[in-house]
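Scrolling down, you'll hit the structures one after another.
Common to both upcoming complexes is subunit A, partnered first by subunit B, then by subunit C.
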Partner chain A sequence: MSKCLVVVGGHRYGRPVTSAAPLIRARGLVKRFGDFTAVDGIDVEVRPGEAFGFLGPNGAGKSSTMRMIGCISPPSGGELRILGMDPVRDGPAIRARLGVCPQLDNLDPELTVQENLTTYARYFGVPRSTARRRAAELLDFVQLTERADSRVEPLSGGMKRRLTIARALVNEPEIVLLDEPTTGLDPQARHLVWERLFRLKQQGVTLVLTTHYMDEAEQLCDRLVVMDGGRIVAEGSPRALIEQHSTREVLELRFAAESQEAFAGKLDGLGERVEVLPDRVLLYVTDGDAALAQVEARGLTPAAVLVRRSSLEDVFLHLTGRTLVD
Partner chain B sequence: MVTLVLPRLLDTAGTTRRSASMVERNVAALKSVYWLLLISGFVEPVLYLLSIGFGVGRLIDGIALPDGRVVEYAVFVAPAMLAASAMTGALAETTFNFFGKFKYQKLYDGIIATPVRPFEIALGELSWAMVRGSAYSAAFLAVMVTMGLTTGGRALLAFPAAVLTGFAFGSAGMALSTFMRSWQDFDLMASAQFTLFLFSGTFIPAEVYPAALRWLVEVTPLYRSVHLLRDVCVGGGGWWGLADVLYLLALTALGLTVASRRMVGLLYR
Partner chain C sequence: MVDGGGTGVEVSVVQRSRPAVPALAVLAHHLTGYRRTWRAGIFSSFLLPTLTVVGFGLGVGAYVEQGVDGVPYLDWIVPGLLASTAVQVAIAESTWPVFSNFQWTRTYFAQSSAPLRVGDILAGHLGFVLFRALTASTAFLLVTALFGALASPWAVLTLPVVALLCLAVAAPTFAYAAAVSSDSWLAMLFRFALIPMTLFAGVFFPVESLPDGLRPLAYATPLWHAVDLCRAATLGVPPQSSAVGHLLYLAAWAALGWVLAVRLFRRRLVV
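Moving on, here comes the complex of A and B:
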């Protein structure tokens, strides 16, 4: 286990401690596809060693942003610097120091699991013997050693994802870009990926990830931006965002009726805010149990009740009026 | 001066290395099924040579070259089969296989996230195609020498000419493949390829065509390749061979440029 810790990020020791210069800096960054604006002037700064997230629903512009940062999509406007360089002019030099796990796995179907890593390392100019050694270490790191000689296509979704993550590490990158690293995985597979990413973070690798899972963002990100419709609608640490845009607790009420709307009117004056969803009503309050007592005092009898802490989902709902995952 | 030139030289080294990594990938992907395919590419032109070169050759006393010499029909046909084999070998890799990797496997989408650039992918794939094409050419030349259809010395000269033929067709084919929308489009390409194969002075001298048609035939890349290889293998062409070489070099450069430009546009979305 401890062996894994040497796999990635040997370079980080050379980084001056005092320097807080951002590794990624975007100012008014724009991406257009024809008339359509996918990324609409965003400002982002990612600092060394942090885990930075883009949280947003499908179509928010997360992947478009990641592709620009990955130097495989030229910006349509604004300013972008990565590792102090210009992605259009210095693409190869920047990419040499990035690790990329794209939204859709694009592993090499004609190669084995291990060959996928060694061959990819060669694209970065890693010497053959080093590539073999790293491949073995990384397969261990993502728990795929047993499948080293298997082809890619019989692997499960979770295994492919882990292999793609391992592949993103063959060049010992300073920044790892992960576009929806756990989308489509079952809970167990997700937790394994989270655990590995957390370990990378501990090793000092800068992580940039996108997700539409608020629990993923809360688990992994030191700081994140909430994206919607190509724009950034909020920015901060998960905790700070929740504090700033939501209450401490949420009282979820489900009424046994066609429309939740009718009941929502009767909740006036309770809590800071009420959100009505198709299947339930959310009451934003400081103390959930106290609020529930008040609801019952008004003679309302919800069919189901849940008191929980506020999450990023609530922040998103508050900021955009929509739920994150539909 | 040094600071100006050095980065360029270093980059050339980098380009070579990154293209080579693409070739390496293909070597790693080489699995047993592929070998059958490889062998078929060699057998085909030999069969043509045997059936037409010697078969039809039996019905004909001989055939006159432009310089007036009369040679056996098989001697006339063999260099053309060499050119056709170089063309087919290179095209198989840079059209069908290239398209599959590009559009269906999304192989290059993964590779562009590394320092490897589209031009280097194109160059690497073309070089790989030429590894395959060169093996065909060498084997076919060996057959020609064994059958007394050319001399050993001429065969040594013909080899680089055949490789150049492969490069020209390989890069042109790759450029065309970037415009293909589906496998159906390849049927068109296959028809075009077969037409070239039949009418590029391969089986009958282009001199027999009416002037307008002859002119058309003479600007096609396979005609220039056949012309060049016949010159080298049999002789009698004079300085025209140099024009053929320039033509094929230009086609190689043009194909590579178009292919990598198109790839930049399609991959860096």
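Moving on, here comes the complex of A and C:
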């Protein structure tokens, strides 16, 4: 295995980050569509080399935020600086230094896999021969070399996603924006994408991603904000968020009855908190096994039991009273 | 090079900025896609004029023995068919392809995430439509020259005329295709704009043969102005009405269409 690094913005990432000035800085950022407020005054700072996430359910305002950061959607209010520049005035100059993987793939189906990269590279003023070399390197990186001359249409969803990620890297961007990079992919395809993104992250590329998968956020993000209804409801590292907003363990109880509510009432005094979902009851506790023993001591006989660690899903449930994926 | 399981991407320092002429990079993108289908396209761009010349010029012409204005019908109709071919290509290339780039392939959105401006995206695609209309028109001229239907060497001047005509119809059509919400509106444009215009703008018979009430409509079409200029060029006679007036009228359609298209593209791309 050869040891190589992506060169981004002329720096070799992987070295310690020297400048701590934020690459993205939003203050009271607002996006309105007519009377509807999609993003309702958010504060965000993304620092160089960081993997930053927006976690939230559908409609939280994640894509609207990403599109403002991508300088294709003018903010309706607040302040936004990207790479120290103003996205409205310096849009093209900023976009020259960004890589964007949008929520909906927009690869050109008339072109081959390789042509999708080379034509896109020319939008950044990359000379033709450099573009071809760069395309070959990136196809190798996303493991699509064998498909270089194939059309885009027959590619699987995961391959298209990887190609879109490769396209986002043609200009050696300083920030890569990924809007729901693995939504709609099967588990195996998701893991392949995660693995590639993780590699970029190790190389020090600044990643900004949105997701409504808590496992994705936990795996990839150094720091994240939890979004709901256009607002940020919590911010921190995945671990800090879990420590701050949830217990160490969760005891999941499924009762063989129409309503879980009836049983939830009998759990009074157990654990820190009880959440009742349509199909199960979640008991937030420090020690799941000990709590289960207490449940059984009360003569309750759940049909199914699971003891697990708290996740960002629990954080979201606690903060909003709703689940992330419905 | 990196092997499949390598740590990353080979180092190559890529300069990133904006291309010198961004619209040319957009044009190059469309040409790259066209490379795959041009063979089928080139075949029809030669076959179609051959068939129309044979069908209308020779077939119908046999019944129009006295010709038109003292000119054999084939010679009279060829410049009209040339201009109407350019219009057909221009409109076909700026309806579904533009709609698709917004709605289906979303190519414009991909382009707008790159350091391009709305005007670059529009100009590059419009440049491609111009290329398509000009290649089709050149093929048409070659075929008709072989049939001996070009009476004057001034016929080469039809190319700049059809180029302007192409912009005059393509630019507003870009705006229209960016504005409509469903592709059934595109078919309406063919039915209610392209076909009537082709039939009544002096391509097949002189506008003077139309009833008085309909003539202004024919004169209002960009096609009639180009037909009059093209006919003057291929027959080597002065146009029926001022050449400068024709050119200005076509330029006005192109300019207005451009302004509208930029506005509507921006409304779709910058939200």
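FYI, the second predicted complex is superposed on the first by the 309 of 326 C-alpha atoms of A that agree within 3 Å, B and C clash if a C-alpha of one lies under 4 Å from a C-alpha of the other, contacts with A are read in each partner's own complex, and residues count from 1 in each chain.
Here, contacts are C-beta pairs under 8 Å (C-beta built on N, C-alpha and C of every residue); 3 or more make two chains touch, one makes a residue touch a chain.
Just so it is clear, the model here is predicted, and its values are computed rather than measured.
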item: Clash or fit, subunit B versus subunit C on superposed subunit A; value: clash
item: Partner chain in contact with A:Glu172 - subunit B first, subunit C second, else both or neither; value: second
item: Touching partner for A:Arg199 - first (subunit B), second (subunit C), both, neither; value: second
item: Which superposed partner A:Gln188 touches (first subunit B, second subunit C, both, neither); value: neither
item: Most subunit A residues touched (candidates subunit B, subunit C); value: C
item: Touching partner for A:Ser129 - first (subunit B), second (subunit C), both, neither; value: neither
item: Overlap of the subunit B and subunit C footprints on subunit A, listed as residue numbers; value: 33, 70, 72-74, 91-93, 95-96, 98, 100, 102, 104, 106-111, 115, 118-120, 122-125, 171
item: Interfacial residue positions of subunit C with respect to subunit A in the complex; value: 1-20, 22, 25-26, 28-29, 32-33, 36-37, 105-107, 109-117, 269-271
item: Residues of subunit A touching subunit C in the complex; value: 1-7, 10, 12, 33, 70, 72-74, 91-93, 95-98, 100, 102, 104, 106-111, 115, 118-126, 130, 133-134, 136-138, 140-141, 143, 145, 167, 169-173, 199-200, 202-203
item: Footprint of subunit A on subunit B - complex, ascending; value: 14, 17-18, 21-22, 24-25, 28-29, 31, 105-107, 109-117, 267-269
item: Parts of subunit A lying in touch with subunit B, wherever the complex brings them together; value: 33, 67, 70, 72-74, 91-93, 95-96, 98, 100, 102, 104, 106-111, 115, 118-120, 122-125, 171
